[in-house]
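Written below as structure tokens is the structure these notes are about.
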Amino acid sequence: MDIEKLRALLEGVREGSLSIDRALERLKSLPYEDLGFAKVDHHRHLRKGTPEVVFCQGKTVEQVVKIVERLIQDGGSNILATRASEEVYRGIKQAIGAAEYHSMARVVVVCPKTTNPRVGCIALISAGTADLPVAEEAAVVAETLGNRVERIYDVGVAGLHRLLDNLKRIAEANVIIVVAGMEGALPSVVGGLVDKPIIAVPTSVGYGASFHGLAALLTMLNSCAPGISVVNIDNGFGAAYQASLINRMCTKSRN
Amino acid sequence: MDIEKLRALLEGVREGSLSIDRALERLKSLPYEDLGFAKVDHHRHLRKGTPEVVFCQGKTVEQVVKIVERLIQDGGSNILATRASEEVYRGIKQAIGAAEYHSMARVVVVCPKTTNPRVGCIALISAGTADLPVAEEAAVVAETLGNRVERIYDVGVAGLHRLLDNLKRIAEANVIIVVAGMEGALPSVVGGLVDKPIIAVPTSVGYGASFHGLAALLTMLNSCAPGISVVNIDNGFGAAYQASLINRMCTKSRN
Amino acid sequence: MDIEKLRALLEGVREGSLSIDRALERLKSLPYEDLGFAKVDHHRHLRKGTPEVVFCQGKTVEQVVKIVERLIQDGGSNILATRASEEVYRGIKQAIGAAEYHSMARVVVVCPKTTNPRVGCIALISAGTADLPVAEEAAVVAETLGNRVERIYDVGVAGLHRLLDNLKRIAEANVIIVVAGMEGALPSVVGGLVDKPIIAVPTSVGYGASFHGLAALLTMLNSCAPGISVVNIDNGFGAAYQASLINRMCTKSRN
Amino acid sequence: MDIEKLRALLEGVREGSLSIDRALERLKSLPYEDLGFAKVDHHRHLRKGTPEVVFCQGKTVEQVVKIVERLIQDGGSNILATRASEEVYRGIKQAIGAAEYHSMARVVVVCPKTTNPRVGCIALISAGTADLPVAEEAAVVAETLGNRVERIYDVGVAGLHRLLDNLKRIAEANVIIVVAGMEGALPSVVGGLVDKPIIAVPTSVGYGASFHGLAALLTMLNSCAPGISVVNIDNGFGAAYQASLINRMCTKSRN
Amino acid sequence: MDIEKLRALLEGVREGSLSIDRALERLKSLPYEDLGFAKVDHHRHLRKGTPEVVFCQGKTVEQVVKIVERLIQDGGSNILATRASEEVYRGIKQAIGAAEYHSMARVVVVCPKTTNPRVGCIALISAGTADLPVAEEAAVVAETLGNRVERIYDVGVAGLHRLLDNLKRIAEANVIIVVAGMEGALPSVVGGLVDKPIIAVPTSVGYGASFHGLAALLTMLNSCAPGISVVNIDNGFGAAYQASLINRMCTKSRN
Amino acid sequence: MDIEKLRALLEGVREGSLSIDRALERLKSLPYEDLGFAKVDHHRHLRKGTPEVVFCQGKTVEQVVKIVERLIQDGGSNILATRASEEVYRGIKQAIGAAEYHSMARVVVVCPKTTNPRVGCIALISAGTADLPVAEEAAVVAETLGNRVERIYDVGVAGLHRLLDNLKRIAEANVIIVVAGMEGALPSVVGGLVDKPIIAVPTSVGYGASFHGLAALLTMLNSCAPGISVVNIDNGFGAAYQASLINRMCTKSRN
Amino acid sequence: MDIEKLRALLEGVREGSLSIDRALERLKSLPYEDLGFAKVDHHRHLRKGTPEVVFCQGKTVEQVVKIVERLIQDGGSNILATRASEEVYRGIKQAIGAAEYHSMARVVVVCPKTTNPRVGCIALISAGTADLPVAEEAAVVAETLGNRVERIYDVGVAGLHRLLDNLKRIAEANVIIVVAGMEGALPSVVGGLVDKPIIAVPTSVGYGASFHGLAALLTMLNSCAPGISVVNIDNGFGAAYQASLINRMCTKSRN
Amino acid sequence: MDIEKLRALLEGVREGSLSIDRALERLKSLPYEDLGFAKVDHHRHLRKGTPEVVFCQGKTVEQVVKIVERLIQDGGSNILATRASEEVYRGIKQAIGAAEYHSMARVVVVCPKTTNPRVGCIALISAGTADLPVAEEAAVVAETLGNRVERIYDVGVAGLHRLLDNLKRIAEANVIIVVAGMEGALPSVVGGLVDKPIIAVPTSVGYGASFHGLAALLTMLNSCAPGISVVNIDNGFGAAYQASLINRMCTKSRN
């Protein structure tokens, strides 16, 4: 809240150039809007080119469609529906029309809009074929958010040479996402080679003592290589969102 | 590595069109040498102004001192010894002399060197008084790594107004570290208010069903606010290191 | 209980030195009869107007129907069948007739009876759309038990302003139920704002390291905001029952 | 925020009866103070007769003393320092003087003030001798908060008859706290006998598969007796605080 | 085994000072032969009238049928197939004919044989309707093993009076099985009332923090009432088998 | 219990149509009086010759002494104080005098009384030297409770031949206690060899993935050998108490 | 890598004393190239006669087929597809033709090739019928890798005599795989009898407190019999692969 | 064992058609005698030159000394006392004399004997300085058991180049032990580079979400690199023992 704006408002009231009712109106839009303002601004900003996100898991098709319709009425485009089943996609398609389904990523992009050329670079490394759905969720989200994404897939510990072959591409990115299930050692190896911020995504890929991704999660949290932080198991979206925040800050500041 | 390129290089040497020195130069940048040199380069770079780090927990005083001495012989300065007890500090002080002890942070800075003015900004938010050792570890590490740090302490959920009062300072940072024990809800609240990358540090502060920080860790991993990633319980150093990577990239790119 | 005391009492009755009423009085206060009376009274009271509850999960349709029929023969009305599938509802409907199904809440109200105007107020806050089944279970149970319920839904940490907008309504309730999955931080935030007893309900909404609601449960148990207690994961019924006990005591005592 | 007060303020400005500077002053104390106001009011109210609470675990003696001194400067009395060691007590005693130590409860009451006669009733039931520190923490906190407390100690499952002997006293309370370690079955038994809100406190008493109170915690969360909610392991303070909120609401509303 | 003793024995046989029958007798009691004979005896004994047991879970219908057929060829009767689906039953029925299915208990009795009148008494107490499959598994197994079983069902903590009403029947049993899910408090309560060995069976009945029976299991292991031991979650068979061992020893010794 | 029935009964007494003895008879069979008598009888019986037990862990020396003194005033002898430190022993010794300390078992027997010749037989098998404190706790408790105990110690899986050498002694016992830490496989092996009830006691002996006895506990709960039930980790007392119940029933019934 | 050696090499090339081909040869064996070549060599070696392995779980049929086709193009034979459903097998069969399905083992061998006579010996011991799928996975993998496998199945603790009967066969193997679910005690028993390296495979066979194989895993990790190491739950492949490494080394070295 | 065969044998002895020596020979090979002899032979063999092992943790100094003295009386030498404190060492030293203490390894070698030249090769790789005690336990045990050990220490993920520099030494070993704490990724990396059996030893080195070695344990169990098996957390002895079994088999077979 700007003290100068407040003073101007009060002077307007004193001078009669501002009616009490209009002053009240504007004052009401201070306090929580203010807190709010940040939020609204931020939201408004988000709606300009950056997508709103609907997490579909645990919601009925009807609920998802209703939420998406409301966002479109608010002028939204490039709306992301994540963890979206084929069925959710068909529900959105039928109700709204403009929608693309990335089936491996389980992501629907509603009202897709050609964004400006994608900027910066996020390197997206994944360990095994079974990790692809999570990696692709991250990729599609990051691209829809306007980032350039370098996919470096199928680079497990057993394929260390493939990782080394791509080291230059990886090192040029502003931020790196590493997706791995099983023992989840890949982020440690990457972190030992490259000095860029790494967001590690454990996946639930594995069996037995992987405990649905717990093993990979613990591995990544305990990494002895610095520069690594971790998101929830299978949370490709979360990694992409944070990577996008970092990438765009680097990119923006360059201009 | 392309065998044909290698052959051409050797033929150039045989024919005299390529001096041995230049050939050596190019050979040094062969793929896997690259790795080696890159590592060395990187290491060398690290040693110029940026600190080496020794994690003291689980090492004897003698081991720590020996490691630090070797790093100094390699020309190191601003060497960080984390999780350093009073006893470790005294051991280093006696052997080397130039050492500062940040007792709350349990960090020793060996051969401290006046760095260039600290750049960028990392906001460092912590919840409770008992979280201070972890927060200070992050703060001292981040500052020694050359970052400007805004400390916003004692801002628990019960002190939400203090958080709101500092929103502007927080929103201006390039990256935010949030340190919290107990239920660890603070990063979610901050993440709902500010659109900057947040690195969440769960602490082992709490009792009973906090299970030595597990509760806070799970809370942060499951945060419904986007833009948050998590490091290990009590890992103030790790948060500071990653935040520094992000902050310096933003800052560097601005110049 | 001393057999001699009993004999003396009976002899007093026979001899007329003890009136039957005083004998009854003393017999009623015999240690374990007391318990019996309390129990019976209490049960009788429960059956007058307040619902019996059948937890359907793990029971066959036939078992549920048989239990409900027995309760009706005992004069029950407003009988609650919780965790009731569509199939259970149809079984009850066919056997008994008078039954309403609240499908989102998975609750059947058998022999619904217009209760007296609902009294007091329970504020029922829930975080996300996927938490609605648990929230509605709480709402339907609380209303059937005769309480007025203020529903404040879809108020996650990201919608903090919506929470603040409803602060007055929340603060006027006698007791607050907060339903949240994922990281379960909402009760801590509410507890920092309002000084009323809060019953927190973790839900199994989430994925990965939410471990089917364990993360939210631990968050709530470790809340640093006082005034919060917790029920089992997804236990909307339990929260409503305890909230009803508290609300009716407050309300009763006012008259 | 009261719209009428705002209008009056603006009218005062228009009429010149209120200077712009004073209006600004007052407006500044709206938005966040407002949120704040509630907080401050609440805090102020809390400071009138109701204690502030300092959780000492994880804080140094110096930190505790400094916090307590600040609270006293703000006019606080009956300040509660919980989880306070003998050493913390001595630190407070030396710095401030007026302080009582409840050693079994590990609670210091600073600047104790004769409160009005304690009102209402909280029944406080505990299972075993080893649970007494947690039970006494609850008792001392509840009494300092102005509640009458009925202690019913040493009432384990093996002493069921003692429980039954005290049923009347228990049933007359407004709210019941049950403290139990080991298998933690006591709240279920009490919940089957009495229809009052029960706050269950698992303790870390036990060994082996009690896993430091986890067994008792799970037992209580899964209780099949309704009307029970649970606080953290060993959290006598939390139970007392919530019980006090409930008890005082019942009591207040009676007058 | 002493080689010298063996040689002496053989010399005795050669010299005629030891009859072949007595030599055989002594050879049979050689240490490890002993083991063998004991085992064989025991097995032979088992096959006389006492059932063999096939645990069906994780086996195909074909595998179960093949095992049962082999046991019948060895002269088995009253063979128990536990955790048997309807499909397993039909497979056995078709291949062998003589088979009874206890569907709630999921137990098939193959080649059922009228046993001698059932002896002794096992009291079988269960908490809720959903625990019946486990309780019935125990009941059918115990009865097939020749024990008299007193079923006391639907006796949860909320139905304490039903438990008390049956105290005499319970106290007369030689051994008591208590089956309970949810918080699993029932064995503690029974153990506080009766001084007989109690075998506690936690069930996986419950939800949320019951963690598929873990809560009940921990409760029972931590019981403060003595005389209780515990079998695996849902292990009705195991409880019945041990109870039968105890009951038959008591009964046998009486004659 | 119906108040009208009670009144009718009393009127019958007053009118002489019901004799006092028959009235007493009927009053005695009032539901909960029954409980009372059973409890009192049971307690009285317990105090005749069979020890009371005080679990010392978590109690102060003063508390233990006070409890023991009260039990002696009630005429107790052979009182068992388990988990008793040297310090607790000295406290009891000083206050009461007649006390024996079994230091390895950490058990004090207060007012030891020569019991009748020990009857029946409990086989007590333990795996390793480090398990001895738990095994001895069981042994001392069982002997004080009047049972004959056969100790078969140091019989781990690696010493299988020692186990086989003692098979006859083991098979003659009425009940077997098996104490084992580490992987806890011993009860399964014994259960495969002997057809007697086995009470398995996991110990906290081990390191790493033994998780303080959890590994042994799980092993024993999952044993594929039937006839095994389990008590809490390190609960030598509990095993001895249940074994004593079983052994004495077998023994009693023989006479 | 020695810069001087490199310089000498280049000088040799320039002076003509070293042919370009030999220089290339030597350059290829430079340290980190070494790594690369070693890997390739190793891979090439692997492809000669030893199978490639595709883990099918979590991959679509299309993905598996595509990977297998690529391996065949690289000249692979005896390719192992593990955790292969019937559907995966049919996909491979249709696309490639030469494929054998081991349905119990869930393994497809693609392009099976008659290997040289199987050498050495791996003893493969399994506890129960339900463990067979894991045991057979190990058996088929080990045989396809060229090892002779001795299957000793259905040898649980209850069938100890069967184990003893086969002791000679077991003791003659170079390495032993022991597969067991439930309590997983079998490796400990085998380890107490035989002094050969044992690879223990816990299976997810069991229920309740087996926690999907966790109990067996912990048992095996804590085994007090030396010479045992452990692979992941249900990881028959992993055990076979390591056993094959050991067996072939022993065998190779003999010739 | 067939009773008829036994009778025939005895009749042969009586009739003189079977000499006593041949009868003895055949009796010795009776099934379970076999076991006995095998065991004795095996034990006798073990005592010739190969060390006995005493695990000291959880044993008193007196107990350890007594066990060691008995082993020496049986002719033992090179007896290993593992997890031996300084105090245990002094106890042994005083009682027996001939004893060496490896303090970092916490191993005492009692009656050390110059063994034949150490044969074969075990590569012993460890990650960090804090892992040295576990690595040294493995090294000392392996050497005392007669193996040549190549120590490759301080080779974490961050020191990948050091690992690569030592690849040749590692690849020449018969078996590899990898010791690592924190995230435990090292065995996966080694397994991706070398095709030798790897025994992975997780250590309890780490903090927070390492959960005392659980994280490293899970990582290693879930390794996607084949050829890895795992021993208990901190179990350097177990790894060395199994590695020795493998190494000696390879070595023996070569001669």
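The chains carry the letters A, B, C, D, E, F, G and H, assigned in the order they are written, with residues numbered from 1 in each.
Just so it is clear, a contact is a pair of C-beta atoms (placed from the backbone, for glycine too) under 8 Å apart; a residue touches a chain by one contact, two chains touch by 3 or more.
What you see is a predicted model, and the numbers here were worked out from it, not measured in a lab.
Colleague: Any chance you could name the chains that touch subunit A and subunit F both?
Modeller: C, D, G, H
Colleague: Which pair wins on C-beta contacts, B-G or A-B?
Modeller: Spelling it out, more C-beta pairs touch across A-B than across the other pair.
Colleague: Pick the pair from D-E, E-H or E-F whose contact list overlaps the A-H contact list by over half.
Modeller: Overlap exceeds half of the contact pairs only for D-E.
Colleague: Using Cα averages as centroids, what's the distance between subunit F and subunit G in whole Å?
Modeller: Distance between chain centres, rounded to whole Å: 50 Å.
Colleague: For subunit B and subunit H, let me know how many angstrom lie between their CA-based centres, rounded off.
Modeller: Centre separation, subunit B to subunit H: 40 Å.
Colleague: Please report how many Å separate the Cα centroid of subunit D from that of subunit H, as a whole number.
Modeller: Centres of subunit D and subunit H (C-alpha means) sit 56 Å apart.
Colleague: For subunit B versus subunit E, what separation do you get between their C-alpha means, in angstrom?
Modeller: Inter-chain centre distance comes to 60 Å.
Colleague: If I count partner chains per residue in subunit F, which residues reach a count of at least 2?
Modeller: As it turns out, subunit F has residues touching two or more other chains at 31-32, 35-36, 39, 128, 160, 193, 208-210, 214, 217, 221-222, 232-233.
Colleague: Chain pairs in touch?
Modeller: All touching pairs, sorted by chain label, are A-B, A-C, A-D, A-G, A-H, B-C, B-D, B-G, B-H, C-D, C-E, C-F, D-E, D-F, E-F, E-G, E-H, F-G, F-H, G-H.
Colleague: If you look only at subunit D, which of its residues touch subunit B in the complex?
Modeller: 32, 35-36, 39, 57-59, 63, 67, 202, 204, 212-214, 217, 232-235
Colleague: How about subunit B: which of its residues touch subunit D in the complex?
Modeller: Its residues touching subunit D are 128-130, 160-161, 164-165, 205, 207-210.
Colleague: Would you tell me which residues of subunit D are touching subunit A in their complex?
Modeller: Residues in contact with subunit A: 1, 3, 6-7, 10-11, 13-14, 16, 20, 23-24, 27-28, 30-32, 34-35.
Colleague: Enumerate the contact residues on subunit C facing subunit B in the complex.
Modeller: That would be residues 127-128, 156-160, 182-185, 188-189, 191-193, 206, 208-211, 214-216, 218-225 of subunit C.
Colleague: Per the contact definition, I'd like the list of subunit C residues that touch subunit D in the complex.
Modeller: That would be residues 31-32, 34-35, 38-39, 42, 46, 53, 164, 167, 171, 174-175, 193, 195-199, 217, 221-222, 226-233, 237-239, 241-242, 245-246, 249-251, 253-254 of subunit C.
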